[in-house]
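Each of the two complexes below includes chain A, the first together with chain B, the second together with chain C.
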Partner chain A sequence: MSTTSTQIGVGRAESRPTPARRSFWTSRRRDHLAGYLFITPQLLGTAAFVLIPLVLVVWYSLHEWNVLAGTFTYVGGENYQSLLDDRNLPAVLRATALFSVGLVTVNLSLALLLAVLLHQRLRGTMLFRTLFFSPVVVSLVAWTIVWGFLLQDNGGINAMLRLVGIDGPNWLRGEGTAMWSVIVVQVFKNVGLNMVLFLAALQGVPSEIYEAAEVDGAGRWRQFWRLTVPLISPTILLTSIITVIGSLQVFAQIAVLTQGGPGTATTVLVYYFYQQAFQFHHFGYGATLSLLLFVIVGALTFLQWRMRRRWVFHES
Partner chain B sequence: MSRSLSPRAKVVLYGVLMVLAIPFVFPTWWMVTSSFKPVSEIFAYPPALWPSSPRLEAYQRVFELQPFERQYFNSLYIALVVTIGTMAVASLSGYAFARIRFRGQNVLFLVVLAGLLIPSEVTIVPLFQIFFRFDLIDTHWPLILVPIFGAPSVLATFIMRQFFISLPVELEEAARVDGLGRFATFWRIVLPLSRPALGAVAIFTFLHSWNLYLEPIVYLSTPEKFTLPQALTQFTDAYGGPMWNVQLAAASLTAVPVLIVFVLAQRQFIEGLAHTGLKG
Partner chain C sequence: MKRKVWAGAAAALVGVLALSACGGGEDASSGPVSLRMTIWSANEAHLALFNEIAEAYIAAHPNVESITFDPIPFETYTTALTTQIAGGNAPDLAWIFESSAPDFVTSGALVPLSGKLSSVDGYEYDDLAEAPLSLWQHDGELYAYPFSTSPFGVFVNNDLLAAAGQPTAAELVAAGEWTWERVIEAAAAVHAATGKAGLVIRDFDYRNWDNLSTFFGGWGARAWSEDGSQCGFTAPEMVQAMTTLHEAIFDKQALPGPGTNADFFAGEAAMTVTQISRASLLEDNFAWDLVPLPAGPAGEYAVIGQAGLGVLRQSDHADVAVDFLAFFTNPENSAKLAQFFPPPRQSLLTAQTLAKTNPKLTPEQLQSVVIDGISTGVVKPSHAGAAEIAQEVRAALDPLWTPDADVAAVLADVCERIQPLLAD
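Let's look at the complex of A and B:
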């Protein structure tokens, strides 16, 4: 950073007596310098790979840019107008919302269920914890390929359904089933992470509270909803933020399983952006779409953060 | 919640847990066993849980159809370089933000944290353009430089900072009284105490790099330079249909070594990843 040297030069008038070494490099100045040197790699990286690209992406969104033809012309707000006129976009946003809402709902409920089951006093829960967690470390594309195979029309899942006399659909090709297939594949891949977070939260709830509730005659179900859920609400909020943001970035699963199909049933925003920018080479419009993603992620994070006052019992 | 259960409740609970475990365990099992089956048997009905006559043909084909050993090496060395680089960058700046007082510290910390909020998809078009200018498309540089210095390392910095704040400061003060400079204090006193945090950072950084998919398919176009996730999708026959047994063999080669390390060090994996709240 160019500011580094000047800021150190300015320094701060020493408020305490100068240390033993009477040179310009007082320990405070040395510390300032050390601080700047320590953060220099990260700061340069942030400038080069985060901040400058962020400015550029806004700049690109104001241009019509065809890589193949080599044209780059200023068009003002035209890309934003195309965004409004894009006949695919409503379907894309619907698919994105469906995926996110479906994923978060299924993921968090299953994670909570698994955590509650593993929180019981029972031998062997560690083994099950390992099993439920194991897909997290399996390569994402490998996991998706295996499920893609299992979900084929003549694949493993339908074969097993046939054993019990059910004629399963072609999961990845059906309008109604494709999206839910992708959601389920993704839930099993990563639900272990949220499960472990919930488990840690459950273990942090003091057991005396339940004893008191028991004395008051509250049943287990009531205890769960009235005591456990409020007490672990900070964790529910945290996991929901992480899961929502992650869900908006789903790409490999779509690319491998459905390529956005059938039709546009599973074309979520990131996949649509990839198609526009890197398959159709509309970099300008692609930049605009990626800004839309940025705005959505930012708005959701902000919203969830604001909501914490409303329904989070206490802040850790 | 954790009250003792009646024997009957225990049996029910075990049953529920075992049924629930199926979708988590079965795909991995299926992947490995099917990679030893001929294609005809993969789609056989009724489905077989075990290959009737195991064969290694698919594994041979993996290496014939693509420079798979080269691709394996690519993924491995990129992930290792990124992991070591991220640990260095993140622990240095995490330490500075946690312990050293300097002007503009808070503002600079917020600027760095902004990286957490920006999905990598948002910056990939300009990044592609920047690397294109420097003639680095179809090289591994974008896959190495961006994770180490860009947004992905910010989470690591944040974790390291939180960890350093939790360390008692007395040791460092003593070291400094003894005349150790900032870097020596950091290197000799603080880092050896930071193994848990460094371990967590190492695990999630390695997995993140190992799993990266969008970036490789955007930046790389030569099969010799591909990484594993990208290579896995390339096993198709002349009509573009997937060659299932070859694909499953390649997927097994990608997934099983990591799974073995996970089983050996599961406590570090689970706690490390849970603390970082990685989305994968």
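Let's look at the complex of A and C:
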């Protein structure tokens, strides 16, 4: 549409023998203005809820804000120094890394496996696709609360295990099981979304390529690694970025299931920031922790984006 | 076509501007007054009584349009309240836990009350007992009114005790055997005989450890010294108490283990340690009794949970809010509130007076648990920076809740973690 309008505009200009002065509002400028007006609502929202808060968080991180006393004192880099002195922070970062690595690995592997299985032309695949996707549309907190009941020591999971003679652990209270329990709850919640994205990508791979590979003697496993994975690599990149960012922002599951325990085994960075800011009223230090999270998310996303050249087979 | 594009863009912009215009607030200082009080109870009986008192106040004060009671979940109450304060959306009045009393009272977040309360006709400020007020005072000024000074007692399901061949709680009290040792024995017997839980320390849930003060108080143990500067978890009496508790949970199965829920009021446990305000949950579907906390090696003792009511300095109508607080807690309304929340008023702390508003409890139960408890009780642990200290203790105590825990080592770790915070 814009191309046509521009050509018409140029045509008119040429038809005039001596254009005295070109109007400021050229077609191009009008198009630009219209475009900016269209994105203004989004820009205003982004400014109000992303950019301004981001600047404020930096400002808060340079202050000590006592909410109850109503005092707001400039402390310079003190909160950043506290990051280095905080003896809980190494354990928190370890828990965050474990959660992210666990979640991304299990989620993407399972989503790809399900997508490949449900890509087959078999009876009932629609039913299973619906079943695996349905947790995505369930309320996160409701989902987590139900899993909390199931994972109790006398809950549904251990009751089922007892039926087959297994004495299950206290999933959410055990040092070694709590984090993996939270990971599994989160994987089951969102694996359907990645599965659907992988399914869409798989459906975009032309079947002739597989036929040609079969003629060349490639087995199913070889076809998967040499054809399927490279051809859906842009989707793998997208899902991995989404999942990594999502894993670093996990909060509700921790708050509902473990409250960071046992000890600090499941105290991930977002939950720790929440504790510092909203429970202990260290808003300045909380803001500093949230900036640390921002830097980590930004760095990992940048890294993944840079690495795409190495392992993303093709991009449109 | 181009005109349509422009029209669409303009419509989108107008829409946004219209929406942003809708966000404009009204001037809070003009017009009729609306008050909001945050509370952590959503109990219908509690709310009905609060609304009844509020309606009486509104009827006598035409400038007050409405008084809203805003229940916030117990578990996240203080966090939600401080977030509201941080966001400039503080309530006019708020309940405050005893654990966070030092933070609120010393910070300047609350409006002083002594002057107003002592000057209101008929308030009878001198009737307030001195001991329950102390936690809520700073430099001689009262910053929150302890509307609930509620001792902990033990609700007992005598049907379950009988099913396990155990004497009733009253019989044990009469025989002078109402001790933690005997209670743990009875609780273990109930679990062995019925499969139900023996004893539940309500709201503890292996996280809210401050409720354990109702247990370790029997050994004379305290979480920290009276001045709050020294950790008490490594004291011999604390180690002894926690060792007894650990054995009761993991060896004798007298208490349900971590992650196992049992609700006394649904008939799932033989005994529960809690406050009398929970009596409203009783439905008379089993024979029950209320008795004081069992004696420990250190003898008889009592533990009190308190809740304060304060006016936030951020309130646009602090004067009206203080006036309503004075009405809400005057002698007449205190007598009504006493059915759920034992008041700090000495004139109301008699078995006969409390019995009028506590139909479920006998004068004997009220005397032994409430009145005697208030006169001798120790308030649950509180300290400046309570939330951070509580979190450190919770995290450090977690290793204790496993069968093969080294009790003394875990408690030593608790002190190592909280001593720097106590000293701050």
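Assume the second predicted complex is superposed on the first by the 274 of 316 C-alpha atoms of A that agree within 3 Å, B and C clash if a C-alpha of one lies under 4 Å from a C-alpha of the other, contacts with A are read in each partner's own complex, and residues count from 1 in each chain.
Here is the rule we go by: a residue touches a chain if its C-beta (ideal position, glycine included) is under 8 Å from a C-beta of that chain, and two chains touch if they have at least 3 such contacts.
This structure is a prediction, so every number in the text was calculated from the model and none was measured.
Judged by the number of chain A residues each one touches, B leads among chain B and chain C. Shared-chain residue A:F294: touches chain B; no touch with chain C. In the superposition on chain A, A:G70 makes contact with chain C only, while chain B stays out of contact range.
With both structures placed on the common chain, the touch criterion links A:S23 to neither chain B nor chain C. Looking at the shared chain after the overlay, A:H281 reaches chain C, while chain B stays out of its contact range. In the superposition on chain A, A:Q120 makes contact with chain B only, not with chain C.
Touch criterion met: A:F38 reaches chain B and chain C at once. Counting contacts as defined above, chain A residues 30, 34, 38, 41, 44, 154-155, 278, 283 meet chain B in one complex and chain C in the other. On the chain B side of its complex with chain A, the touching residues are 1-5, 10, 13-14, 16-17, 20-21, 23-25, 27-28, 30-31, 34, 42-43, 45-47, 88-90, 92-93, 95-97, 100-105, 108, 111-112, 114-115, 117-127, 129-130, 145-146, 148-151, 153-154, 157, 181-183, 186, 207, 210-211, 213-214, 217-218, 228-230, 232-233, 242, 244, 247-248, 251-252, 254-255, 258-259, 262-263, 266, 269-271, 273-274, 277-280.
Residues of chain A touching chain C in their complex: 1, 5, 30, 33-34, 37-38, 40-41, 44, 65-70, 152-155, 170-173, 175, 259-264, 275, 278-281, 283. Within the complex, the chain A residues that touch chain B are 3, 7, 10, 12, 30-32, 34-36, 38-39, 41-46, 48-54, 56-57, 60, 114, 116-117, 119-122, 124, 128-143, 145-150, 154-156, 159-160, 162-163, 188-190, 192-193, 196-197, 200, 202, 205, 207, 210, 228, 238-239, 242-243, 245-246, 248-249, 251-252, 255-256, 270, 273-274, 277-278, 283, 286-287, 290-291, 293-294, 297-298, 301. Residues of chain C that touch chain A in their complex: 1-2, 5-6, 8-10, 12-13, 15-16, 20, 78-79, 82-83, 85-86, 103-104, 107-109, 206-207, 257-261, 313-314, 385, 387-388, 391, 394-396, 398-399, 401.
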